[in-house]
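What follows is a pair of complexes built around subunit A, which joins subunit B in one and subunit C in the other.
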Partner chain A sequence: MLPALPVLLPLLGAGATVVVGRWAWAQRVIGVTVLAAVSVVAAVLLVMADRGGPVVAEIGGWAAPVGIVLVADRLSALLLLISTVVTLAVLVYAIDQRIADYGRRTASTTFHPIFLVLSAGVSLAYLTGDLFSLFVAFEIMLAASYVLITRRTDARRIRSGMTYVIISLTSSLLFLTTVALVYAATGTVNLADLAERVAALPTGLQTVLALLVLVTFGIKAAIVPLHFWLPDSYPNAPAPVTALFAGLLTKVGIYALLRTRTLIFPEGHPSVLLLVLASVTMIVGVLGALAQNDLNRILSFLLVSHIGFMIFGLAVTDAAGAGGTALYVVHHITVQATLFLVSGLITRRTGTVSIDAMGGLAKRAPLLAVLFAIPALTLAGVPPTSGFVAKLALLQAGAGDGVATSVVAGIVILASLLTLYAVVRVWVRVFWGEPREPLPDNDPDDDLVVGTARTATPMYVATAALVAVSLTIAAAAGPLSAVTTRAGDDLVARTPYLGAVLGQEGAR
Partner chain B sequence: MSAEDTRVPWPRWDSPTEDWMLPGDCPVTSERTLLLELAARILFPAVLVFSLYLLLVGHYGPGGGFSGGLVAGLAFVLRHIAGGSSEGAEIGARIRVRPPVVVGVGLCVAVVTALVPAAFGAPVLSSTKVSVHVPLLGEFEIVSSLALDVGVYLLIVGVVLDLLRSLGSGIERDALDAESEAAS
Partner chain C sequence: MTTVSLAMAVVVAALYAVGFYLLLQRSLMRVLLGVVVLGHGANLLLQLTGGPPARPPILGGSAEGSAPLADPLPQALALTAVVITFAMTTYLLALGYRSWVLVGHDEVQDDLEDRRIARRRTPTASMGEEADEQGDEVGVDPGSAAASGDPVGDRS
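Now for the complex of A and B:
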């Protein structure tokens, strides 16, 4: 029962917000209430999973492997909790941006429902214990994201939206093919059942399936060289939408990789392929960020770079690596969403996204400077922020595991330093120097309202709340990393998951 | 009149003609296709009944909420193509219920159906059978998941109506624009 609520409540909310489409206030109340309720459910699930093992819900009463199961173990409950909290903050920000831009009475028959549908898709992706449902979850998520990225748009954004849609459809097609191949090879799509049956397949076939899964989720997670679509499409959406996508969608890809690689394709030793991909992703991403002038593009490239950090944790393939990745995902969802929200605030203040055309914001908007500085330093991993805690967990996982991982651990440090350089560069150009007048909005009709200098206070509050969440992660680093360490142990041991889904017989 | 003249100009080849409700006294006769209108009048109720049939038999036989909803949606498409709406007026203006509301109600019904079993301690989305005795007609077995199908049915009908409203009247508006451009 409980694991189904994070999926069903947002869908119910989506239906309800369409029905009350004439009353903007009702839509806002429903959206916020539903996401707050899901956060509570996620917190309860996390406590239950941490104390008593994975919580399983059998849909329609059909047991695995025949029926579809929803499984909330430590990893999925933790990611569900942090994702929903971030989604809630982004929704509050978006609501107040819409009030500031379009007026208090403007209702929308698409924004709120689609936003909630996206949230339902993300929840389903975390909770499902079934490969085909995972595909459905991705499709729900992507279909909603197509709408959000192309709403109230102009030709330029349609073009970049097209890139996003085509790439996503390609990866969905690949995913569906993979599901079909997996089913043909094993006769099941239940993840726990697959864990046992894939191990019985010939090694070559296992490798092919593992590679297909890697490419499919690699596109969603934007691993270099499959990242090219991301810096082109994300920066062109409105700030809250970009924040949501950057915070959640790529991380869902990482989650899917983490789940499938630990459960279905476990490797006893560090994966060389993933180590190489992690290094390339970290370096290419951060170098791309250094070459950009557009604030949102810089953040998008940094996002790509930090996907490499999570792939590194994945490549180590032991319990510490998996736990480190989980901790890093938690930290990164929060900080990346915060940075894009701050970028939206900066853009509204300055009227431009080009960091060369900004300057002197530290004097004019000191609050904004603080709101940018904290997540930026967190992203770079300066102690004592959550970024430092997460990177430390990854480095500890990598350092003891042989020469190859130690070398890549060095690259992690290098990429962190380059990230620091990239955010300091932004800081110097945007916040120091001579104050400049805001540029006028050159396209008042689109969704990107810039240069209005009229920003609702709740937008600052929502952003500050996310900064506070990020600081809380740093403050609660001890208990949190204990949870992620246990989550990592669960993932690598596999037995808690298998036992919960298939019953005692499966836990042999 | 040559065959050339009776052809509808290209921007209007697919534009629906006359009124959505197929009024009897239509001043303009040149753009109506009598055959299609007549067919639509006869087929519309029959297709709707067929869609309800598909909805009801869906649990045991071929059909269900999705296909039933699509068939019902097709009935509306047929009526739209045959009757159209005058001057690009939205269908919703005549149906009284806005299509998104139909979608929303359908989604709510489906999700509530999924949640109701949980209130009785059963797993989410599980279903039960109820036997009903109707005088004259005999025994009926109603499966509780029929409510889910009804939700899906409404959702699909709503989506098709919304498509007609946005794309259908959009095409008409383009056709009218092209017409006025050609005239000027």
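Now for the complex of A and C:
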């Protein structure tokens, strides 16, 4: 039953935080304890999956093709672990931001329960072995995110919230349609069972289903023609919420693509469509970032751009591509969440999100400069960092997979350099130059830009902890990439997953 | 593989067409109706995957050997999906109401920042940029001006 805990604990915790809604400290203790416990469970699952193959829990005691299963293989357990660690850091940051803004005693009735529900949804999305449960997981996650993005609304947040909610609902209904068509065609929604039955379908039907899946998860992951909602909606949420969304939600879409593509729709040759999408996503995203001068929007566009890197890993057929994507997702979850948390610290300090109105922050806040510089260089992939390790894995995978892939590998390098240019541009405008007086907070009621004075030390600690996680990924690159390589081998071979879920006769 | 009758296929297609058409409208109320109709379409499609209509349900195994039974799984899935669609509909209603309270209408608005960035690349040098931007924001889009102004002040 171990794989059920990462879903159950946050849901029970959410209920408990509602019950103790009057006592802020109790909510905080429950939230942090639950997420810490889930991290431990995820670490245990990772060790178990790495040593003895996928860990399977049959919910309700029914065996695989009939009942719902939760499967923790290397990929799921690894992503679950890093996601929960990031969620925990973001929660600590959010708690201390609230304490800094409103004092220690005020309790938020909605934030903690919703936050934990979101965490449960993300865990379920990683662990489920069932297409319909994946839909439910997405709905849990998205419903929680709707509330988080429109909490404490003002007019601006209503506007961005609407865009986000409508596009997410559309993609959910498309997902539901996909589930219906998949069930009509194959008579099952179990992922492992689908792996065998889809292969028996006519090629045209397979293509239609694969495209529907690509569009559905492509909207969630913000692949370029489907990305417009992201830079529009994310920057308007409070910093911890944006950090959480940017770190996790798009990556859950990538995970779903990776899982379905390797398990259900394996192709056997580089996917031209995905290569084109990857190139366009990388270039459009980073060019968008260069045009902006709102710090959060720059980071959002860079997020879109780096989704392209992961799509590139998906397009490469062999196990190295899948492993490289997994490593990149681990790196990117950490670094993107860190950058948005740092951006939150910067905007609290300067009172504005426009990088043109900032300046000289390196002198005034050297700690902030260090906290920004490390993840920014990591995002660009400068050598000793985890970004370099992850990009190297992708490039190595791409270089050995035909001419088209090698060309797109060149675009990967170009996009990395442009990313470096984008973050250096931010660095020059924000941290160098004449120090400027912080702008006054023109709207003290909202929690988006809370002026200049108050920042709790634990917010720095939480951000620094995420920077440390990112550095740890770089330091432990050897063992970690060994794990992701094994995960990639598992994904492409398919037999460990099928064998664990369907029993030995399934592992032909 | 399951096939559906022509009538049902037409109904599902019509629901999807109407749903997507409404989704593309400006008013959140129409978008809401679009989500409802589209949700009905998706749920009907899910329901149809259980086989043709009018098959007997599973009742304690009494129909052994007779006509094929209705597949119960799509019904369970559709039930879950109906509940989720319902919850999302109520959420959208609440959002529309909130928008009406805060902004005075429920239109889905454009992203002002995007427009501003698009207009910034004029041949004129960067000196007059700030002033131009201010002018643009106020003058160009009266429909969305509410978002850039401070309608929140009305709240108190």
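The criterion applied here is as follows: the second predicted complex is superposed on the first by the 507 of 508 C-alpha atoms of A that agree within 3 Å, B and C clash if a C-alpha of one lies under 4 Å from a C-alpha of the other, contacts with A are read in each partner's own complex, and residues count from 1 in each chain.
One rule holds for everything that comes next: a contact is a pair of C-beta atoms (placed from the backbone, for glycine too) under 8 Å apart; a residue touches a chain by one contact, two chains touch by 3 or more.
Not measured: the values here are computed from a predicted model.
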| query | Does the superposition put A:200 against subunit B (first), subunit C (second), both, or neither? | reply | neither
| query | Looking at the overlay, what does A:154 touch: subunit B (first), subunit C (second), both, or neither? | reply | second
| query | Is subunit A touched at more residues by subunit B or by subunit C? | reply | C
| task | Return first, second, both or neither, reflecting whether A:58 touches subunit B, subunit C, both chains, or no partner chain. | result | first
| task | Identify the partner contact of A:8: answer first if only subunit B is touched, second if only subunit C is, both if each is, neither if none is. | result | first
| request: State whether A:292 touches subunit B only (first), subunit C only (second), both chains, or neither. | output: second
| query | Same subunit A residues contacting subunit B and subunit C, which ones? | reply | none
| query | Can you list the subunit A residues touching subunit B in their complex? | reply | 1, 4, 8, 11-12, 14-19, 21, 57-61, 109, 113
| note | Counting only contacts in the complex, subunit B reaches subunit A at residues 98, 100-101, 103-108, 110-112, 114-115, 118, 122-127
| note | subunit C partner, complex, touching residues on subunit A are 132, 135-136, 139, 143, 146-147, 150, 153-156, 158-163, 165-166, 169-170, 172-173, 176-177, 179-181, 183-187, 189, 201, 232, 291-292, 294, 297, 443, 445-446
| query | Mind pulling up the subunit C residues that touch subunit A in the complex? | reply | 1-2, 16, 19, 23, 28, 31, 35, 38-39, 42-43, 45-46, 48-49, 71, 73-74, 77, 80-81, 84-85, 87-88, 91-92, 95, 98-99, 102-103, 108-109, 111, 113-114, 117, 146-147, 150-152
